[in-house]
Amino acid sequence: MPEEKSASSKPANRFCDLIGLHFTEMEKGFCRTELTITDFHLNPYGTLHGGVVYSLADTGMGGALSTLLEDDEQCATIEIKINYLKSMRSGRLGCETRVIHKGKNIAFLESVVKNPEDKLVATATGTFNIFKMVPADLVK
Amino acid sequence: MPEEKSASSKPANRFCDLIGLHFTEMEKGFCRTELTITDFHLNPYGTLHGGVVYSLADTGMGGALSTLLEDDEQCATIEIKINYLKSMRSGRLGCETRVIHKGKNIAFLESVVKNPEDKLVATATGTFNIFKMVPADLVK
Amino acid sequence: MPEEKSASSKPANRFCDLIGLHFTEMEKGFCRTELTITDFHLNPYGTLHGGVVYSLADTGMGGALSTLLEDDEQCATIEIKINYLKSMRSGRLGCETRVIHKGKNIAFLESVVKNPEDKLVATATGTFNIFKMVPADLVK
Amino acid sequence: MPEEKSASSKPANRFCDLIGLHFTEMEKGFCRTELTITDFHLNPYGTLHGGVVYSLADTGMGGALSTLLEDDEQCATIEIKINYLKSMRSGRLGCETRVIHKGKNIAFLESVVKNPEDKLVATATGTFNIFKMVPADLVK
């Protein structure tokens, strides 16, 4: 899979490829996702679409949590709340995500999105579900 | 603007074009956004990326609120919380968004995302800020 | 337990008694909680404290979900987000709560708080965890 | 006002008095609220009611933000999301709240609730509205 752009050992993330979102750091319970704003990321007002910022957080949460999972486990977002603090028109965004608490079935995570000047762009908190992976040949 | 794909009178939404998200209904305080899932929308598990579902809600909230704004007003997301109830691998998603409360500076909105069988995929609630638009020639 | 004020078959809810919060309806997947505002519920501005409104929703979610649990199951709040739409100084508040989705371990609920004129005071969405009850003699 | 129990210069907070919630630190953009769990704070399962933990955060957010307001300004909760990480049956809770961002009309705050062993009990994020106070003689 030579076009794989993620630091994760997981298969390619098609949606992340589409919007130009990359993992740039990944360690136990932590990861960093980044994205350079282009015209493709803008809303009708000419500012960064909220869905782009959100995707940095949601993807980062999945990535950070995946570093703590067993080989036969996977995870899914239960809920995320994101607060926007600063609008953006261009430049590079970095999102740091940490697993704050991990139980057997549920984990709680926090993401912080900043601009290149280290100013807060958004913060998000989320709950993820952890469950045993369904073998691929059982998935309809 | 012949490439405009939105029912809104607003300029093209580049991010929505990128991910294939369309407005299919818009009336006072309400709108409907839709998207057909393709491989480009999937995460490494082969299921729909949460950022896609979120974008239906965030875009829908901006669209529904824009129907109630004055010509010199614009809006921005303050916060959105989304809860995921069902994962998806293919098919078409529809998101209905309603303005529940609109004050002078702040509005509260709700979005409901469903699959073609009318099953709940996600619900979101959000707060938007309403403010006077900055004339384009004053924006750096 | 003659002082029991709740319509639930559960033991007394001490905190609800303290703040005057009552269950007034309970059916499968639904309940109604109510409270009459007194001076004890006010904040320094002389308006209803947000914690009171929140308690109507949190208690209501626990109550509505409890109607769908097995005898050996209990539930706990994972997260709740509440949006306030109207401040109050006096009068009676009613909160209707519905279980929107119930899985094996996780449930999603919505609460709507209204004043006597049926105007929205607040809305809340929450995620609850469902788990097997620990026998009382095993609790330290 | 000799019965004032709050470190704030604001009038008495009746609801905080009712549930035994105190301000123990207050500086620019920060405050600490505390509460000792008694039987009055328990739910039917014998654990701490979520409304108590929430009230520590909501009250703390109002307190922390009030340190940054002008004399003729007041604030109100727009929304708070709280995640619960640990249940409690007894002991003392401390909640630290920080103003993360303050605009002219809107502020964003974070609260962290911990037990005496410094373990996370809950975290909350909230948005507050800031507005000019209505003179008391104009309030109906």
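All chains are identified by letter, namely A, B, C and D, in their written order; residue positions are counted from 1 within each chain.
The rule is simple: contacts are C-beta pairs under 8 Å (C-beta built on N, C-alpha and C of every residue); 3 or more make two chains touch, one makes a residue touch a chain.
Please read all numbers here as calculations on a predicted model, not as lab measurements.
Asker: Tell me which of A-B and B-D has more C-beta pairs in contact.
Answerer: Contact tally favours A-B.
Asker: Out of A-C, C-D or A-D, find the interface that copies B-C, where copy means more than half of the contact pairs are identical.
Answerer: More than half of its contact pairs match B-C, so it is A-D.
Asker: Determine the centre-to-centre distance between chain A and chain B, using the mean Cα coordinates as centres, and give it in whole Å.
Answerer: Here the centre of chain B sits 20 Å away from the centre of chain A.
Asker: Report the inter-chain centroid distance for chain B and chain D in whole angstrom, where each centroid is the mean of the CA atoms.
Answerer: Computed value for the inter-centroid distance: 33 Å.
Asker: Going by the touch rule set out above, which residues of chain B reach two or more other chains?
Answerer: Touching at least two other chains: 78-79, 81, 83, 127.
Asker: Quick check: in the complex, which residue numbers of chain C touch chain B?
Answerer: Those in contact with chain B are residues 81, 83, 85, 100-101, 108, 110, 120, 123, 125, 127.
Asker: Mind pulling up the chain C residues that touch chain D in the complex?
Answerer: Contact set of chain C toward chain D: 6, 8, 10-16, 18-19, 39-47, 49-52, 54-55, 58-59, 62, 74, 76-84, 87, 139.
Asker: Show which residues of chain C lie in contact with chain A when the two form their complex.
Answerer: 78-79, 81, 105-106, 127, 129
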